[in-house]
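Common to both upcoming complexes is chain A, partnered first by chain B, then by chain C.
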Partner chain A sequence: MALQCKIKSIRWKWIINFEDVKWEANKNSSELISETLLMRNGTGKTSTLLLLQHLFSNSDVPDSLLERIKYTGLLGTKEIGKKGGDSEFSVDIDVKGKIWTLGYKFEDDFSSASLFTQTPSGLVNEYDMPAQFSSAFDNNIELTKLLFFDSQFAGSDGRRMNKDTIDGTMQVLGNVKILHEARSALIPSFIEAQRKKSDKKGSAQEKKTAETALRRCKSTIRDLKIDLEKAKNELQKKESTISDTKAEISEIKKKSKLNAEFNKTEKQLKTARDLVSSTSKELLELLMNPANLNPKLWSPVREYYSKLSKSRIPSAIAKEWLGSILEEKKCICEDSLCPKKESLIQAKMEKSMGLGILSEVYIMKDKVQVTQQETDPSVSILKTRLSEEISQRDKLNSKLGRLVAALGGKTQSSLEDLGGIKKELEIEISSLKDKIVMYSTKNDGQIKTNKKDWLKRSMSIDGKPATKPEFIGECQNIYWLEQIQKHLNKKLDAIAGIEDLSAAGDIIAETFQAVEEAVLQSMREAVLKQSSKNLTKFNMQNDLRIHSLNNGVTCIDSGGNTQAGFSTGEELAILFSFISALSKVTELSVPMIVDNPTKGADQSKLDGIEGSLSSFEHQLILLIYATERNNLPNYFAPTHTNPTTFMRENESMDGTDGKVRGMFKTHYDWDTFDNYHPPVPKKPTKKGGN
Partner chain B sequence: MSKQKSSATIKSEEAGDFRFCDAAKAYVKEINSNQGTGKIGEQINFYWLCAQLGMVAFDDDNSMPTPPSTGTEMTDEFVGKTRNHQVLMRSYLMYRYLCNLSFGIDDLDDDNAESVEKSMDSFLQTTGAHLKNRGIKEMDTFAQKGWDLLESEGISYIKDLETFLVQYVELLEKYASKK
Partner chain C sequence: MDLNHIIKEALEEHCKEKGHSPKLTKLLHDLVRVYRNSGQMADADLASFLERIQKEIKTTQED
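So, the complex of A and B:
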């Protein structure tokens, strides 16, 4: 798949806050690949990003997004009486030197959106992009969500680069999505159609019962999927709120007289927390292995196993092994067996013949003997280290508390209030994440461990799928419901007498899965190799590197510890490395857009973000608000990026509006970009999301 | 979910779930949801920590509590972090079990070989958790013992993983020092 594309311009017509404004790339310098679009808060950056995700991937625009992009500009403040034209959003895309326009036309009431493509040869009222573009983007919102990236949701837990997203992206780019669809949808629906047509073998009652159960199973899956989406949306809202809260906290600290002290202490605290977290992970890992217990406790076990069943082996093996010597009448020293030796071997064989379970015991014996205690470091050393690190962390926590208290007055109470809100939000976020895991995990162990709460009576005592509709309805895990569905389908296939056809369907599906897996694995290996190479360009803390793409992107640090969550800077660096690698492996050069690249990031993260942005090699479009400009002063410079400032026609540089505000205009000069200072809107402090 | 077993295997092997008391499960949940600290992960990870402590502490008083009852089932296999170390975990457990049956290291002679094997045969199996119901119940009892100790030592009031681990290791060290 070879594709080179760049966004040449974006046009907003009578949507969000915009009347009719067009932004064009490379207006300041044609050499640069980076563009920075500066808009005051609330103008429509995130809405633009979401529209681009849907537009590029030819996905339906959800109602929530249509609601969000309703035109509210001059009409909203009654500065004009009515809209001056149709509402549209369009993007000019350069695909291999030719310009294609992809856009949406919106109904007047924003009840729906229709997609259009202006191809080099004419207007088409559908998605009609060149083949290379379509095969990368069409129906691939996973890819567009990776490429058009809202960084306020970065740095939480690497969820953006999870298994579904990474595999989904690779399935499309590796041209195996069709196999995935065939095995997961086409084959099952074909079997279902044949089942309906076939003569029945089972009783009508049996069929009715199984069909009722299947219907309940499908409706429960549907309901859970809705609940899952709701939980994900809720999580996104809460994360947005917590990001705002963090930004507010950061802003208050920045403005306070103790800013330098806060910065220093927070940096030290972060380091202390990282150390505690890494050592506790290491210690927990060691404690999972009893061979790491104090030698006074474990040595007796080793000694015991060295003596256990020393002269006994499973009877079948004794018979096979010593019997073959007797049969050949030849000793293992190659000498022929004399009657005396024969009777000795016979006696030995009888004495050695133990129970079959000894095969299991021998595995244990071997493991106990070969496993050495971890001494570098040992449990005891790690405990001492952890204890010291905890004490250092607690000291710094107290120091931070004292700094807040030293501020006194309103600033102190604002920080304390925000801290309380942040804590509450963290609890709500954690509970939403648990809920999402419950609905969506496919991890066998996790499901089994929580079966009492998650599966309830949908799993029988002996671990089998339930068949009673009311039991099925109790299940809270989509994966287990899919297993129940498979089981019920098999039952119905048997009732319909099409087991052979159903088995054939399974074989074809398994073959497709094997091909799909082989292609994905080969892509994963190539992309992993290239991503790791790319990541070395970034200055990663703890020598963080990409370890595997098998379960989404997983990283390990220099100590070999798996890292689940990333900071914003880390996630940007990893994402850039991954996208660059994917681009190289699939010969793809596509733009990346980052919304709010520095929102809520502290100084240590900003350094990482700056490094990540500078090292990206494809078109990069940043959407920022005014205060973000101060966060990356080295990056927002003529050597790195083309500036664009979105201002209303009659707006002054301090953001004061004229009597008539006038339409949004784009300014491509550095002077405007550097000197535009709109006021930062005061947000009401809210609990629990917007 | 579990791998397909042949009908012959199903007949001869037993399928039981590890059981863990509700208070201990609630503790895992609390630690896992505590913000800003590490996570224990799967319940069975903590179950093992309790069982290990129970086995270590057993020499001290030779007492065994009542294992958790029906309704506290967890999983029928070693999952999570315990998966990779299950052979050694079983080894430690069987060592304790055989010693309790008076098959100490000095009793492992040829005369006792058959009796020891019969005991092992009623304890181990070759699929699932590789423990028969007897073995699983033994592990549950040690886990209960460990949890009781954590409660009596006040360690179960600690709500962050890091401090818990320090206290847990100190308790192990206390028992080791008695040896």
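So, the complex of A and C:
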């Protein structure tokens, strides 16, 4: 692939708050690979990041983003009468020494955006980047979301580096995403078209029923996908609000007279919470051992497996043996079969189970028989330990409450109000996460465990897919609906008499899937090896390291514990290591952009973030607001980064506008960068959030 | 990282496991190559591949 690209400049024309401003890279030093763009809050950093994600990946600009980037600068405050030109956003990209411009032109009312490419040989009204660039970025928003990174969502639960994103990125870079699309959409729709054309074999009624069910299935999938997107957007908003709320709480505490006491208690509370979570995990593992079952439950388990292994016959044997008896209508005692005996044999055959299941039953029976019913004494020890740890955690929580109460007056009521908001948000976030899992999980065990609530009547008692439209409509899981869809398609293929064509399609699908998995696995192994090597450059707490990429990025600490959430510093370090590894394995050198790299990070995290930024080896563009500059004083220096300050003409260094506000201009000197101090708004603006 | 080699090996192993004939294996390999190289396939070409695959399955079953 061998792609090397760098962003040379970005131009905003009559969008967000900008009239016409261009930023250029390496204005201060051509040696450095890091750039820092300082803009006051609400100017358009996050909107810029989102535009770049969509532009690079040739993805449609969603309505919400079009709404967000509507020009509101001097026109919004009626300081000018009308826009001075067309609204555009463009980026100059250096691909192997040649400049390509990729951009959007927006309709006057921002109802749509059309993409253009200025290639070295002329203007094209579509995405027309060089092949190496397109094969990495085109249709790969997963990759651009990783590369153009809004750190205000970092550290939540590592969701940014989840399975879909990591696998999706690798699928595109391994050039197998097209196989996935072919087997999941292109070939099935071709077969569906053939089915519609073919002379049907089955009855018209059969066909109509299956088609109605299929339509319902498709519309339910469509609805759930919309709900899933809504839930994801909602979650993102809530997480942004909770991050602001937490920052506000922490700011109030910092300014209070009890700051030292808060810090100490919060530290103790964190340790207490960690202990509760690790003991709960240990206890759960012990309880999963059948030998630790309650004695009342133990005997029935033993009895159940013994009975099961004795009274059932493997289905293959049952069918062959009992089937021949039924066929000959003669029992082994040579008596002829009466209808009653016949139905008894039939029932026995139906009750029999598959060989695979039966062998599991035998294994389980043996295990149960040799395992002594003896509760592990450590269960009770752990239970006692856990309740002590819970009580310690609760005590510290109460102490925090008392500290808040001790503050009294306005500070107390502000903290209590914010605490209430935070709690509410936590509940809402947890419920949204549950919803997202319900809609999107593909984990068979998880789906079956929640069958009653998630699938309702769309799965029959014996685990088969429903065929009645009203039952299908009750399903809340997209993966199960896709299984129902496959089942209905097979049924319709049989009715249409195109089973052979359908079987050929299945062979292709199986083969493509095997190829995709092999490519993913090889890439995961190579990237994991390289990422782990890269991560050693970062000073990780608890010796945190990347353990696997099979389910997105999973990390473990020195104690072998899986870590679910990351701090901002950790997530940046992991992401940088991963991107560098991916770049090396696929021979890519691509820019990374980080929006608000230090937002909400405390001092312990800032050291990690600084280390992460300094160790990145490709182009790095940071979008910051003024107060972030104080967070990484060593990094924002001439040895590390090129500075750019965005200020309006006539604006003074304290952010006060002159009598007549001018357009945004870029300043590339350190003096302006160091001394520009615009006022910090109390709350982020609804639109910008940055 | 030699992805073409990884793909060839994975495909051959899968086809061997499934008991596909060498001819069917080659057809599937060609199909993977076309999709990966051009990123798409015309309906007529896909129809031709599907037809050849069906024919090969039948021949193998008759043998």
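By definition in this document, the second predicted complex is superposed on the first by the 534 of 690 C-alpha atoms of A that agree within 3 Å, B and C clash if a C-alpha of one lies under 4 Å from a C-alpha of the other, contacts with A are read in each partner's own complex, and residues count from 1 in each chain.
Everything below uses one rule, namely that contacts are C-beta pairs under 8 Å (C-beta built on N, C-alpha and C of every residue); 3 or more make two chains touch, one makes a residue touch a chain.
Computed from a predicted structure; not experimentally measured.
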item	value
Which of chain B and chain C A:E31 touches, first, second, both or neither	neither
Partner chain in contact with A:I508 - chain B first, chain C second, else both or neither	second
Contacts of A:S387 with chain B and chain C, given as first, second, both or neither	first
Which partner, chain B or chain C, touches more chain A residues	B
Touching partner for A:S277 - first (chain B), second (chain C), both, neither	first
Interfacial residue positions of chain B with respect to chain A in the complex	1-2, 15, 33, 35-36, 38, 40, 42-45, 48-49, 52, 56, 71, 73-77, 79-85, 87-92, 94-95, 98-99, 105, 108, 110, 113-114, 116-118, 120-121, 124-126, 130, 161-163, 165-166, 168-170, 172-173, 175-176, 179
Parts of chain A lying in touch with chain C, wherever the complex brings them together	174-176, 178-179, 182, 186-187, 190, 500-501, 503-505, 507-508, 510-512, 514-515, 517-519, 522-523, 526, 585-586
Complex contact set, residues of chain C against chain A	1, 3, 6-7, 9-11, 13-15, 18, 20, 24, 28, 31-32, 35-36, 39-41, 43, 46-47, 49-50, 53-54, 57-58
Chain B-facing residues of chain A, complex	273, 276-277, 280-281, 283-285, 287-291, 293-294, 296-297, 300-301, 303-305, 307-312, 351, 354-361, 363-364, 367-368, 371, 379-380, 382-383, 386-387, 390, 423, 426-427, 430-431, 434, 444-452, 462-463, 480, 483
